[in-house]
Amino acid sequence: MNEKCGVAAIASSHRVAPSLYIALLALQHRGQEAAGIAVFDEGIKTYKGLGLVSEAFHGIDFSTVDGNAGIGHVYYSIKISIPENAQPSIFHTYAGDFAIAHNGIITNAEELKQELMERGHHFIQGSEEESFAYLLADELKEKHSMEHAIKNVMKKLEGSYSFTFMINNRVFGLRDPYGIRPLCLGKITDGYVIASESVAIDALGGKIIRDVMPGELIEITPNGYKSHVFHKKKHKAYCFFEYVYFARSDSVINGKEVYKIRKKLGEILAKEHPVDADIIIPIPDSGRTYAYGYSSATKIPLEEGLMKNRYIARTFIMPTQKIRQQLVQLKLNPVKSIVKGKKVVIVDDSIVRGTTMRKIVDMLRKHGAKEVHVRIASPPIIAPCYFGIDMTTRQQLVASNKSIEEIRKEINADSLGYISIKGLTKAIGIDKNDLCLGCVTGEYPIKIEGEKLRFQERIEEWE
Amino acid sequence: MNEKCGVAAIASSHRVAPSLYIALLALQHRGQEAAGIAVFDEGIKTYKGLGLVSEAFHGIDFSTVDGNAGIGHVYYSIKISIPENAQPSIFHTYAGDFAIAHNGIITNAEELKQELMERGHHFIQGSEEESFAYLLADELKEKHSMEHAIKNVMKKLEGSYSFTFMINNRVFGLRDPYGIRPLCLGKITDGYVIASESVAIDALGGKIIRDVMPGELIEITPNGYKSHVFHKKKHKAYCFFEYVYFARSDSVINGKEVYKIRKKLGEILAKEHPVDADIIIPIPDSGRTYAYGYSSATKIPLEEGLMKNRYIARTFIMPTQKIRQQLVQLKLNPVKSIVKGKKVVIVDDSIVRGTTMRKIVDMLRKHGAKEVHVRIASPPIIAPCYFGIDMTTRQQLVASNKSIEEIRKEINADSLGYISIKGLTKAIGIDKNDLCLGCVTGEYPIKIEGEKLRFQERIEEWE
Amino acid sequence: MNEKCGVAAIASSHRVAPSLYIALLALQHRGQEAAGIAVFDEGIKTYKGLGLVSEAFHGIDFSTVDGNAGIGHVYYSIKISIPENAQPSIFHTYAGDFAIAHNGIITNAEELKQELMERGHHFIQGSEEESFAYLLADELKEKHSMEHAIKNVMKKLEGSYSFTFMINNRVFGLRDPYGIRPLCLGKITDGYVIASESVAIDALGGKIIRDVMPGELIEITPNGYKSHVFHKKKHKAYCFFEYVYFARSDSVINGKEVYKIRKKLGEILAKEHPVDADIIIPIPDSGRTYAYGYSSATKIPLEEGLMKNRYIARTFIMPTQKIRQQLVQLKLNPVKSIVKGKKVVIVDDSIVRGTTMRKIVDMLRKHGAKEVHVRIASPPIIAPCYFGIDMTTRQQLVASNKSIEEIRKEINADSLGYISIKGLTKAIGIDKNDLCLGCVTGEYPIKIEGEKLRFQERIEEWE
Amino acid sequence: MNEKCGVAAIASSHRVAPSLYIALLALQHRGQEAAGIAVFDEGIKTYKGLGLVSEAFHGIDFSTVDGNAGIGHVYYSIKISIPENAQPSIFHTYAGDFAIAHNGIITNAEELKQELMERGHHFIQGSEEESFAYLLADELKEKHSMEHAIKNVMKKLEGSYSFTFMINNRVFGLRDPYGIRPLCLGKITDGYVIASESVAIDALGGKIIRDVMPGELIEITPNGYKSHVFHKKKHKAYCFFEYVYFARSDSVINGKEVYKIRKKLGEILAKEHPVDADIIIPIPDSGRTYAYGYSSATKIPLEEGLMKNRYIARTFIMPTQKIRQQLVQLKLNPVKSIVKGKKVVIVDDSIVRGTTMRKIVDMLRKHGAKEVHVRIASPPIIAPCYFGIDMTTRQQLVASNKSIEEIRKEINADSLGYISIKGLTKAIGIDKNDLCLGCVTGEYPIKIEGEKLRFQERIEEWE
């Protein structure tokens, strides 16, 4: 199960490891638990470690690592604790050596594993990548062409997946037929790159060619790329949460600029939930672009009224309970004179448990805010996600069992406004039927046992 | 020599170590090379380590550390590499055990050390704190009162200093007569706190009482504080760079709110150097508040057109030369559609070497910016600082030997505007004669061999 | 390829992890590169790390690790650098979850792997254990009994192997039909144990039951053990090097006490190569027991004339070239007065490259030894080992291309005596035809392409 | 307080740091808690760390460290936990920069410190070295010659001390007038060396010149050495424990060879406490040389009946209570067939708490020993040591409050024999009046408040 993760692949006429390192740095926001790079140099060689890219590869001098083909991965999970579980995963098969990096969740992974074991395969990890590798190797063993093999494998896979993978020194990218998770293609000086987000291509000084299409397999070489689109679903199911939360603001996903969408969301939010206020304060850094939009639409002036302590890091373990309780106060400090006597709007991307938002509202009131209005740039999350978002966190979402008025009371705000689904899709600029809105509607693009299907899809023809 | 550093002190009816830890976290921006805490529990006990507060104290559970009096320090320097050189420094004297934390530079340190050695004292570190401790202990040995002793010591000390120190379990703060470096006083639930910046008091949920005055000694106890002001200089010499660069935006220094000053600087900059432009882009995060002010004054809309990769950390060592060269690109990525075809103003606090600014300007042009105008919220730095700023860096300042037009060409900007000294002092709201402007005027508040004195001060009377 | 390694397995009515830890400590001399423990607690859980047992498991509190069945491994190799390559290796198969620990070398490993891949299996590691696991799982999938399955697998395996392994919570030991590597069975308070050497059973306060027999599978439970002997080779091929070098002196292997054999070897060496000398000096610690025997047979007094610096450790990296050159001198220092003017015999187990021995001889001469005679308790190694000894080291053996007289000159000794093969087998007390003497005779018990077979074995009947 | 420690000093025409590193490795047995090296290269530069020499200097390439004069230290203590408390200690005085390494205990250290503080000196560490440095610097400040200054300082110092120290680039060794702790002088290729034990000179391939005499100051240069003997006590007070326990067997101390003394002790022990036994088993490694002597005198054959697990290291922290209890069993395993049915003598240097010895005796009985006789090569320790042995350990000595018969019962031995004081001094070959036997007689060479003086010494004349 690989929730929010980042993948990359490069084929070049020069060493790829240093460039993969840069690409992973640019994708770091998609996963901070582990990182890995696999390159082909005579055989497949793998470098893995726990933590941030800079930690995971500490002490490795990639400028001396040979290999003109390679893939990389950043891992997002609370479950990993040993480097061997990091990706790319390596498999030695009759069809060649495989390295696989995965972003997404194969919803029928357990069935596939059982089927493969019944067929006689043994597993070391039992991972989704292992199932994918064995399915593909079995197809290739039958002397099928790569295209034929991939088509047969895709017929079996359900769920979301954006893979980069190598078979020996051949480098591929593959995106599921609904395009749930992102994947894009770029050109760099000496070759081609595939990555989860366009910022990885930017970081390499490259040029974005286009998104990998839903249902498309792309093979890259130093000199070009070869595409085959297997599935053409009538409707896509792009995850809207990428635009609101996962992706970097400077990425372009499915042809849409994230920054512009976020600013637009702020503007629409202002129209849907206007307010009579003196200043707008973004929650740094997640709420800033939305706040710009809200300010631009309302002309209410923007102030950096909450200062973030950037030294309270991700890996930060507060040494005592007492200190942990003061954490919000320590992380976000109000600029008192800005807040005092003011009607304040605070803007953020989402509310998770509500406890942090409550502390922020109280802090603003304590420092003299006359009113505190909360505006949220995503609709309330009311249902689980099966395609790549950590459910253990999502279950704790305050919106799952509370009305908006109840949430408002809980966070002690004078008013609370979430953007509407209509406003959301308008800002994104993609038809509702081409988005996965499962977690805000409870209707899913793919059949999930016990859940509603968003609409009856016609059985597609395979290309 | 202790350049930019942070100091704190707490006297409480409860354990102070956890609170000192929080205070240092809040002061972390003033020093990231080392951290230390000394508490009095029967004797003085010291905890020191290299790196960020979270690294330096890794594995220490301060919730079990006894002691109701203590001081702390965060160290800023490129020179420290062993924890024993971190502060607080400890000395066992005939007058008791001393712990000393220092922010500032004693300009006659070497003379004082020679004098003390001639008087028969031996040094382990040879540090400025050691000289301060020995001078003070000698005075106290003569059975002088603390006030008398401190006055005699201050007569000898030249330069800038904000000390927090302990003598056994007594806790003090001391600020030099010119008030060059900041120091402030606050009340927390169970006692009193002295710290470099008010954000440390905020982080403790405390209340700011006031700044420690130039030339003032304050002793804090769990129940109150006792003040003695020794020197009243006719003119102060508050370092203006605290407002522009060193301090956190949410601090209040010498009674002035840093955030408001920064926004005002942006507004004045807009008036002094207006421009016909489409959008304003702050350099994140240093230029943001200035950009808000510039936008507010000009009504040119603000856009987050440069996205910062927050995972490229301070301690980040790029593993290869090739990657190092791409560092700016990796750290700051333009949002292309925002920039394309636009006349852009970028705003920042200062220009150091100019190489980074040049890369940013080029990057914006490459992505289609029609014009790029650069606005800087401090005057050009043209002279050294002797009171607390690292000269090895400052010498490399592009303004030290180039005209503004030459700098503009070097950074490839369409126009370049620095704020004037008049605009600077107006934004700060403190009389020019009460600020140290040495590095932008070449005239210093204290006699420095070979440099100009800002004006002939009358000899003050000691209180 | 798993050269000298140590394996252990325990089934108990209590937690086995602490006992496995002790067993591995007792087997530490068989491998210091990595260590691993796998226990069954609902599923198979694995703990692995690099270095000594104490380093590999640093920070793990085994007293809280549940599981009443488990196996362990210490790894000897110069090749391992990441913990995931440590053993036990884990495999998820249709027949259950496997954990495997291996000592020995499967000589047809590559062929087996190819065959398995052609059969459709994919490999992650490509290791010998992986082939063993897949062969066995395939057999078990066919609904064969464990005994039937193991027999079929053993028919395919060639080379040396002493395995401990688990299938889910069942615990087994398996020794190759020639019994090349050791394996023994013991009883502990709450269960049963299988280990490479009897010292592991001693360390657990247990009782040695007997050796696992060549060609025997033993399953242990908390209450007993079940044995099945599949192969009865007419002749065994116990590795003689276990007695001379690998095993601990306090072990009992194949019913023979190592300490007694070593003392006896010293006595026979004395008879085969007597000398007129004043004192006998053992090379500490490897030569000591041989020297006792030599002294006991000749009545020449024993002196600890060479003192070992025990702080120059295995992992010791001498920081400069100059220091590296002085390493022998630093590791072994002569007691001058003991050596001066004396005719000295020095005794050791083997000569590898000869450079160290040369330095020792020179050092003794420098300190006044009148004569230096060298006695070696193993025959000259003249041929490679294919069943578990690191060839990269053995190829450098001085005896492989030099006469004994040439070696004597090279090490600057007055005389040099190696024990004869006859003396060796007599000391061990096992028939020559039941020992593997390949590396000292060039004749091997198992067919190796391009090498001589020791004698034509009759085709055995399977039990 | 510096109990068992090792000191070294080198003056050379080449870099001394690599040689100091080797010298400290050779002295490692005298202290394993920390290590330090100070060299003079323009100023005094110091390298310190915790743990073994190899750990403390991990990552330092001494081959690049300049400086032709230097001293080193290995630290023995249970108290040190931060590198800054390691030695050499550095002091900046009016008389120059000092680096000091110390072995011994100044018994009037606290009085000296008080006196110095009253005189106006301040202390950072409050250590004995700091007092020594300040006393000496004060003398030198008075323009006294080095000889005159040292004489005056020695008049004030009481207790044991073997110092190596530097004043700027001058290198000295100094030994207390009783010669309690050892110190010796040697010649190496490019200069001279002073060290705690002669093995350091051996390790450097050097030549031992002689012991530094009690009460002697030696200055070494690359070309020679200059001596001044200040005190000539009628009687020396060489610590006998150096011969029995502290020193390495291959050292020569006060002109006496440790190995020969130890063997002789074994022989005398045999005569004083003969026994009818079948075999002698040394406790490895401490009892071995004594056992050789015992065997040589009695002709009872020696057997390595107890095998030591060398991987259970000093720094080894047993992860669970259960494992800790099995520690002796794990560290020392009997060779069963050797022990079975035999009357065994075991020989060691001392008995500390008796618990380990009891476990060894029980273990031998469990494996069939018919009788177990214990022989100890030092007299029972009945009184504290004030000059350099850790009392916290010594207080727990079983002999301090038990008769020999009671100890015998406690350790479950058939007989127990300690060597007599007469036998001890005879083996050492030094007159009783020239040894410190305080801990076995309760009479001390130096006045200790509340303790008996060994005999009334005449007041010596100073040279």
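Labels for the chains are A, B, C and D, by order of writing; each one numbers its residues from 1.
Methods note: a residue touches a chain if its C-beta (ideal position, glycine included) is under 8 Å from a C-beta of that chain, and two chains touch if they have at least 3 such contacts.
As the structure is a prediction and not an experimental result, all values here were calculated from the model.
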| item | value |
| --- | --- |
| Far-end chain from subunit C, centres as C-alpha averages | B |
| Distance between chain centroids, defined by C-alpha means - subunit A, subunit B (Å) | 38 |
| Distance between the centres, which are taken as Cα means, of subunit D and subunit A, whole angstrom | 63 |
| Intercentroid distance (Cα basis), subunit D paired with subunit B, Å | 51 |
| Multi-chain contact residues (two or more partners), subunit C | none |
| Chain-level touch network, classified as line, ring, star, complete or other | ring |
| Chain-to-chain touches, reported pairwise for every pair that qualifies | A-B, A-C, B-D, C-D |
| Of all residues in subunit C, those that touch subunit D in their complex | 18, 21-22, 25-26, 28-29, 32, 52-54, 57, 60-63, 199, 202-205, 248-250, 252, 257, 259-260, 285, 288-289, 292, 296, 301-304, 307, 309-313, 316-317, 319-323, 326, 329-330, 333-338 |
| Complex interface listing, subunit D residues touching subunit B | 82-84, 89-94, 117-126, 130, 133-134, 137-138, 141 |
